[in-house]
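Read from first to last, the chains carry the letters A, B, C and D; within each, the first residue is number 1.
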Amino acid sequence: MPEHHEEERQKTVCLQTMEPDVIPLTKTIDDCKVPTNEAENKDLDEYNFGPNFIKLRATEGVRELQTVIRDKNTPRTDFIFYADRLIRLIVEEGLNKLPYRKCSVTTPTGQIYDGLRYEKGNCGVSIVRSGEAMEQGLRDCCRSLRIGKILIQSNEDTHIAKVVYANLPKDINQRKVLLMYPIMCTGNTVITAVKILQENNVNESNIILLNLFCTPTAAHQLVSEFPGMTILTSEVHPVAPTHFGQKYFGTE
Amino acid sequence: MPEHHEEERQKTVCLQTMEPDVIPLTKTIDDCKVPTNEAENKDLDEYNFGPNFIKLRATEGVRELQTVIRDKNTPRTDFIFYADRLIRLIVEEGLNKLPYRKCSVTTPTGQIYDGLRYEKGNCGVSIVRSGEAMEQGLRDCCRSLRIGKILIQSNEDTHIAKVVYANLPKDINQRKVLLMYPIMCTGNTVITAVKILQENNVNESNIILLNLFCTPTAAHQLVSEFPGMTILTSEVHPVAPTHFGQKYFGTE
Amino acid sequence: MPEHHEEERQKTVCLQTMEPDVIPLTKTIDDCKVPTNEAENKDLDEYNFGPNFIKLRATEGVRELQTVIRDKNTPRTDFIFYADRLIRLIVEEGLNKLPYRKCSVTTPTGQIYDGLRYEKGNCGVSIVRSGEAMEQGLRDCCRSLRIGKILIQSNEDTHIAKVVYANLPKDINQRKVLLMYPIMCTGNTVITAVKILQENNVNESNIILLNLFCTPTAAHQLVSEFPGMTILTSEVHPVAPTHFGQKYFGTE
Amino acid sequence: MPEHHEEERQKTVCLQTMEPDVIPLTKTIDDCKVPTNEAENKDLDEYNFGPNFIKLRATEGVRELQTVIRDKNTPRTDFIFYADRLIRLIVEEGLNKLPYRKCSVTTPTGQIYDGLRYEKGNCGVSIVRSGEAMEQGLRDCCRSLRIGKILIQSNEDTHIAKVVYANLPKDINQRKVLLMYPIMCTGNTVITAVKILQENNVNESNIILLNLFCTPTAAHQLVSEFPGMTILTSEVHPVAPTHFGQKYFGTE
C-alpha cells in the first residue's frame, strides 16, 4: 500500500476514536464517575433537578431493561431488543410532552366520544452516532415524523466540541423538537447540539430531550444551562453505560 | 353449484356471524351501553374495582390513541398503527406484573450494578379473534414467549358460550399467563376463557388479563368472579369499541 | 378439583391433540415421508407439477433459511426470525401474482415515469394455527390487507376434516385470495380450506397458496384437485418440518 | 439574535445544502440526466455492466415499488413503507453474495437434512445520510450485523468529496462489507467511500454495494474503477430519484 494511503488510513482511524458520543475507553471511569459514596447513591432518586427534568417511572420492567443494557455479558441481539423497548417507552413518554387539542369523534355505532388529537408540527433530531439508535423507536411510535441529524466532534487536545454536520428540517424553528441522545456523561455533546438548534431559532422551551441514562453531573449542567428545556431519562446514576452506541451498532 | 354446497356455505356464513368477540351489529348499542347518565360517566374514573384492577395512566398520548381507535373515520392503516402502540403499552404494563428477582451484573467498565432479572416461565394466551391482534405487540416486547390460543363461540339461540378450540402450552399450570382480549363488553367470553385455563389447572392468581377497553359491567363481573386475577385495561367506559377486531383484521 | 372439571380438561387436551396442522407425533414420519429412494430425491427439482406450481428461487440465502428452520437445535428466537424472513420472501413472490395496471407518475423533478400500480381488491386468509404465523409477514409487505381466517379440525377416528370456524371478508368472492399455510404434508387441510373458499364463491383461479414446505404427495394432490390455483412454495421435499407451528408459537 | 449567532446559523444551513447524497436542487436534472434518447432508454436493460453488476429481477411487484418511490405524490408514510420493502429485497439479494458453507442438521423427527450455513464475519457500512435509510432493512434480515458509517461531504466550489467522519468495525479488513447507498447519480460519493474502505485494507472483492437506483453513468464509473466489487441495484435509469434521502427522513 502506498505511503500516502497509510497516512489517510490513520486519519480515518483517528476519526473513529473521536466518535463524539463515546468517551475514550481509558477515560471512561474517571470522566463518568462523579465522586460519590454509598449514601449519596441511595439519595439519587430524591435528588431534585427541577420540574422539567422527568424520570421514567422505575417499574420492575424498566429496571430489568436497564439491567440487561448495562450487563457486559448481554449478547448484541438481546442488547438491541431490550434497548429498543426502553427507547420506545421513553419516546411514548416524550410524545406526552407534545401539544394536543381536544376533539370529538363519532364512533361506528354513532356515539360521540370526547378525546384528544395530536397537533402536527413536531420533528425528531438525533445526535450522531448513538442518538441514531433511537430513530427506529421514534418511527415505531410516530410513523412519519421528520428526523434531522447533528454530528458533533470534539478535538482530542482542546476538548472543544464542534458541529461538523447538520441536516435539519428547514422550518425547525416552528416545530417542537424531540432531541435524541441516549447516554449523557458530561452533557457537553447535548449542550453543543442545543446551541445548534438555538442558532436555527428553535426556542429552548420547544426542545424535549429523550435520554436513557444520565449522570448527576450531566443532569446538573443541562438544567442549569437550559432551564426551559424538558429532559426525559430512565435513570440518573453516577456510572453511564458509555458502551451503548458501540454495542448497539456493533462497532466496538 | 350443487345444493349441498349451498347448505355448507350457509353454515360458514353462520359461523362468521357467530364471531365470538363481536356482538351482532343490531345489538351493539343495547348490549354494550349500560344505562348511565352524565353524572355517572364523570365518576367512572373514581369507580373502584379493587386492587387487582389496574388502569393504564391516562396520559395525553394514551388518550389520543384511544380517540383514534374509537373514531369511525380512522383509516385501517392508522387504526392498526395506533392500536399496536396502545397494545405495546398495555403489554409493558403487564410485564411489570410478572415475577422478577434481584441480580448483580458487571458492566463493561467493571462496575457492579444491582438490577433485576425477569423470571422465565410465563406464556401468552390469545382469545380468537380479536385477542390475536395483541400477539404481535406481545412479541415486540417478549420475543420468544410461548403463545397459546382459545376459540370460544356462543350459540346464537341459547347464548351459551363454549370453547371449540384450545391450543395451550402443555405445562401452562406452572406458568403465569398473559391472557389477551382487547374489548370487553359483558365479560362473558373472558369468563369462559378463564374457566378453560382453570380446567387446565392454572391458578386464578397467575392470570394477568391484558385488555384495552372495558365496560363497567364487564369490570364488575370479572372482579366478582375472579377476585384473584389481575386485570389491566386502558379505559373503562360504558361504550366499548366493538368494531375493534373487524377493523384490525379488515373482515368488516 | 371436581370430577366434571377433570372431564372438561380432558376435552381441552383432546382439542389440542387435534390441532389441525400438526400430524400426531407418533405418525409424523410415516404420514409425511413418502416412500422414496436416493435417486428419486435427486430428481425432485426436476419434477414437474405444472405451470401454476411455482418454487422460490433456491438461492444460498433461501437454502440457509430452510436449514435453520429444519434444524432441531435452532433456538425459538432464531427460528421465528428466520421463518419471518422466508415468509416475507414467499409473500413478495405471491404479490407478483396479483393484478397490476400500467400507470404514469410524475417525479419531484417533473419527469414522467412509466410504472405499475397494484390493483386493490385482494385479501389474505390464514388457516389456523400454523397459517397465522404468516400473517405478520403479509402485513409487513401489505400493510392494510384484509385478513380472514379458517379453522379446520380432523376427527381422530374418521380422519374427516371439517371446518369449525371461518371469518372471511364478506365480498371475498370478488377478491384475489392469498391463502396461507406454511407446511403441507398430505394437502388435506388445504383442500378443505379451498373448498370453503369455493363455497363462498371464490374462483379457484383467484387463489394463490402461500406455502413454505411441501411434500411431493401434497403437491400432486393439490395440482390434481385444483389445477387453476397458483401454488408458491420454497421447497418440495419428502420430509415436511411438521414442528413448524408448534415451534413458532412455542406451544410444543 | 447576536450577530455572531446569525453567522453560525448560516454555517449550519450551509452544511445542510452540502448534504452529500443530494445534488443541489437546481442542478438535479442536468447532473443526473445523461443525454439520451428514446432508443437508448429501451436498450438500458440490455446494457452490459459486467458480471459483478447485478440487477434485481424486475418483477411486477418490484416495478410497483419503484413506481411508488418515484411518484412525487406518494405520502411519506407510504414512501417509507414501500422503500423499506425494496430495501429488504436488495438486502436479501446481497446476503446471497456472502459466503456459506455446507452443513448437515438433524430435524426434530431425527432426519438428516443437508443444508447451508451462513459464515460469520461480515458487516454493513452505511454512507450518511441516505445510506442510513437502509440500516433497518439490513437489521430486519441480519439481526446483529455490525453496522459502520461513513460521512462524506463535497466542497461546493471545488466539488472535491472528502470524508469527515468514519466509524468502522476495527477488524473490517477481515470482513465482507455490505456498503449501503440507495441512490447513485454520478457515483462520486460511493467512489470516495470505497477508497476509505480500501485505506482500511478492505479488499475490493469483499465489498458488495447495496443500491436501489443507479444511472448508467454511475454504473459505468463504478465498474470501471472497481471491477472486483459486486454491485446490486433494482434499476438502471437515466433519472435517479435524488429526493430519496430527504423524503425518507422528512428533511425536505
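One rule holds for everything that comes next: contacts are C-beta pairs under 8 Å (C-beta built on N, C-alpha and C of every residue); 3 or more make two chains touch, one makes a residue touch a chain.
Chains and their UniProt names: A, B, C, D = Uracil phosphoribosyltransferase homolog.
Everything numeric in this text was worked out from a predicted model, so none of it was measured.
Shared contact partners of chain A and chain D, listed by label: none present.
Repeated interface: A-B and one of C-D, A-D or B-C share more than half of their contact pairs by residue number, and that pair is C-D. A separation of 33 Å divides the Cα centre of chain C from that of chain D.
Chain B and chain D have Cα centroids separated by 43 Å. Here the spacing of chain B and chain C, counted between their Cα centres, is 27 Å. Within chain C, residues 77, 143 each touch two or more of the remaining chains.
Taken as a contact graph, with one node per protein chain and an edge wherever two chains touch, the assembly forms a single closed ring in which every chain touches exactly two others. The part of chain B that touches chain C in the complex is made up of residues 1, 5-6, 8-9, 12-13, 15-16, 19, 75-77, 80, 123, 128-129, 132, 136, 139, 143-149, 151, 153, 163-170, 196, 198-201, 249-252.
Chain B meets chain A in the complex at residues 28-29, 32, 59-61, 63-64, 66-67, 70-73, 81, 85, 88-89, 92, 95-96, 100, 103, 105-111, 113, 115-118, 140-141, 143, 239, 241-243.
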